[in-house]
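We just call them A, B, C, D, E and F in the order they show up, numbering each chain from 1.
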Amino acid sequence: MSTVGRTDNPEDHPRVKAVFDDIRRTRGSDFINNLWHYLAFDPGLLEQTWAEVKAVMGAPSALDPLTKELIYIAVSITNSCTYCVHSHTAAARAKGMTPEQHADLLRVVMLAAKTNQLANALQLPVDPEFNADHGR
Amino acid sequence: MSTVGRTDNPEDHPRVKAVFDDIRRTRGSDFINNLWHYLAFDPGLLEQTWAEVKAVMGAPSALDPLTKELIYIAVSITNSCTYCVHSHTAAARAKGMTPEQHADLLRVVMLAAKTNQLANALQLPVDPEFNADHGR
Amino acid sequence: MSTVGRTDNPEDHPRVKAVFDDIRRTRGSDFINNLWHYLAFDPGLLEQTWAEVKAVMGAPSALDPLTKELIYIAVSITNSCTYCVHSHTAAARAKGMTPEQHADLLRVVMLAAKTNQLANALQLPVDPEFNADHGR
Amino acid sequence: MSTVGRTDNPEDHPRVKAVFDDIRRTRGSDFINNLWHYLAFDPGLLEQTWAEVKAVMGAPSALDPLTKELIYIAVSITNSCTYCVHSHTAAARAKGMTPEQHADLLRVVMLAAKTNQLANALQLPVDPEFNADHGR
Amino acid sequence: MSTVGRTDNPEDHPRVKAVFDDIRRTRGSDFINNLWHYLAFDPGLLEQTWAEVKAVMGAPSALDPLTKELIYIAVSITNSCTYCVHSHTAAARAKGMTPEQHADLLRVVMLAAKTNQLANALQLPVDPEFNADHGR
Amino acid sequence: MSTVGRTDNPEDHPRVKAVFDDIRRTRGSDFINNLWHYLAFDPGLLEQTWAEVKAVMGAPSALDPLTKELIYIAVSITNSCTYCVHSHTAAARAKGMTPEQHADLLRVVMLAAKTNQLANALQLPVDPEFNADHGR
């Protein structure tokens, strides 16, 4: 059950096929998960979303691939996104996340949410020592 | 302006003093940030909160200290916690976060929120391939 | 599965029947969706909720009906409300939302969430030019 | 006070200057709001963010410019993003939002949040009539 | 700084004056807090909002007044609403909340957020024993 | 379907068995709900989580047990946590929550979310009268 229909034979559409081919090539796998199948209802949106996912998560950058997945999961948990928690926990595991690292991620995510509530409840002033905006 | 008063002379209270001493010792710094000053209104809550922060963020674990700070920031941004975003960005920088890593963190946090919205909007079914609960 | 039971024969209760009759009359349809069936456990809550939905979404106002549905969906996505995303996407479609408008809604909702994360991460000061509170 | 420093003389950097020039040209105004000044710490992030804002909010699309601003505000309110609520309320007003439309936006945003809470509290099943995924 | 201007001489408008008079009478105090002053820009919205606050928070109901304030604060913390956290913490204190009860509220709010993250992270199935919807 | 596997024969592990025994003893029931079964993948996380739930929700404190459950539900609804809304609504009912109290809880939770949106939309200044931080 979803708010748009899953596209039948999506690869009959050349722009969709080009994205699907790039997903397979980039990931080295034939598996195309549901997000891309359902996004096929709008090829422009599909292209833009995949381009950004590939650029941010797939290209070498200042943070290593597993760290990026852990950050992704942390946001997805906090936003209560069922699909994203599932897909990115699977991705993190595929990139080597151990059960101990998973438990550690949960501990940090839980502690952060807990102290977020505390600080939002106290509405305490930010220490000037934390200001990165020197001279202002 | 806050919802509880900042405690005057908090270290006159022995339980508060013990926590403050442990914060200074653990961090190797004389700086006690506002969270602990304002929490001093309830020594039990102060002790429990510090004990958990110290255990999760301070003790060696499966994830390295900087990765844990990045996850902490990601949750705090998503929960819109002004105080926590400030304090943990400062902490991450103190643990070596470079401007390039900071920008990369922002990119992942933004992408995750973006696809969280997309998946929540489409309400698409989770692929069975993501299930970690074998046989159920 | 739900946290309250669906009421059996809800229209045996005159206050529930009056609300259901008004829903059918207002919408010109015999379909009563689950929200109202489950709310029937408390007729007062049912009456108040329907009265507000009817007044805000059903009566002519400064914004047209489809725009109001798009705004409703945007909030529901952000709050991760499965039921509301489903029911209001269906409502928007019934009021004429095209697939192109749906994709455009998704683009704006995703961009907004993305820049919300960015601004919350940077904690940047609000430009005085945005202040609508003249002279204060 | 912010988590990154506002860049001094940002237009000394050619990539930053190119973005700032494009913002001025696109908007027909000399005013560059703080978001872009603070983002200048990472030219790549600045370029990507502006490119997406320009494409989604600035280019003609299936939804009119004011409707897109109202949706943007709705998400920003729900995510509690102070900066974005301010900047996009100002933008909506610049695009013609009347006080009556503003009040109507608030009414819809409030009602949506209210029924989101209700549906999340009841955890009621989604009516099969809302399913857009025919045959699945 | 706000997104609408504070109304000058709001009580020159008879509908605004009627609401302000009722607020003073209901609360037995001359103090009208900012929410109502800023809402005066739209008398209809002012009337509806006050009517609901008065009915839900002011009238005797199944929960006592302090319990209702504690629930209100819990939601406001979780939504990161600065104004509401301040105004309802003050209201709870005016209705007798002790520092010990405040600390206890914080403990529950923090624990709930923590386990919310855990359950959202694990995506575990709901036990059938929790279903209130008998026979379905 | 979940992101970690449900542990088979969890009580073969002595640390898991000790927690499960304490849950049964504390609650006076043989029923162990899914949260604890799935947490068994990491005995340390299981022990810490149960210890905190037991201390905060199970021990006598400044707020009575039912009030604490209502606060817990309010946070869980706002965070859109399906599992927690189910488990704590069941817990509140077991502690005596009546249908009238449930409806009243919903009314307060809905009103709070509604005015949170309003205050976040208006970005109105906090009245100095609400400041608890005397002299600062």
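The working rule: a residue touches a chain if its C-beta (ideal position, glycine included) is under 8 Å from a C-beta of that chain, and two chains touch if they have at least 3 such contacts.
The structure presented is a predicted model; accordingly, all values stated were derived computationally and were not measured.
The chains that touch both chain C and chain E are A, B, D, F.
Distance from chain E peaks, on a Cα-centroid basis, for A.
For the pair chain B and chain F, the CA-based superposition corresponds to a rotation of 180 degrees in steps of 5. As for how the two copies chain C and chain F face one another, under half of their interface residue numbers coincide. Comparing the chain pairs A-E and A-D, the larger number of C-beta pairs in contact belongs to A-E. Same interface as C-E, judged by over half of the contact pairs sharing residue numbers, among the pairs A-B, E-F or B-F: B-F. The chain with its Cα centre farthest from the Cα centre of chain F is D. Between the CA-based centres of chain B and chain E the separation comes to 27 Å, rounded to the whole angstrom. Remark: chain B and chain C have CA centroids separated by 33 Å (rounded to whole angstrom). Chain D has residues 1-4, 75, 77-82, 85-86, 89-90, 100, 103, 105-107, 109, 111, 113-118, 120-121, 123, 126, 130-132 in contact with two or more other chains. Judged by the touch criterion defined above, the protein chains are all mutually in contact, each touching every other. Touching chain C in their complex are the following residues of chain E: 1-6, 126, 128, 130-134, 136.
On the chain B side of its complex with chain A, the touching residues are 1-4, 31, 33-35, 38-39, 49, 52-53, 56-57, 61-63, 67-68, 70-72, 74-79, 81-84, 86-90, 93, 98, 100-101, 103-105, 107-109, 111-116, 118-127, 129-132. Those residues of chain A whose C-beta lies close enough to touch chain F in the complex are 80, 85-86, 89-90, 99-100, 102-103, 106-107, 117.
Against chain D, the residues of chain E that register as touching in their complex are 1, 3-4, 41-42, 44-45, 48, 75, 79-81. Chain E meets chain A in the complex at residues 73, 77-78, 80, 82, 85-86, 89, 105-106, 109-111, 113-118, 120-121, 123.
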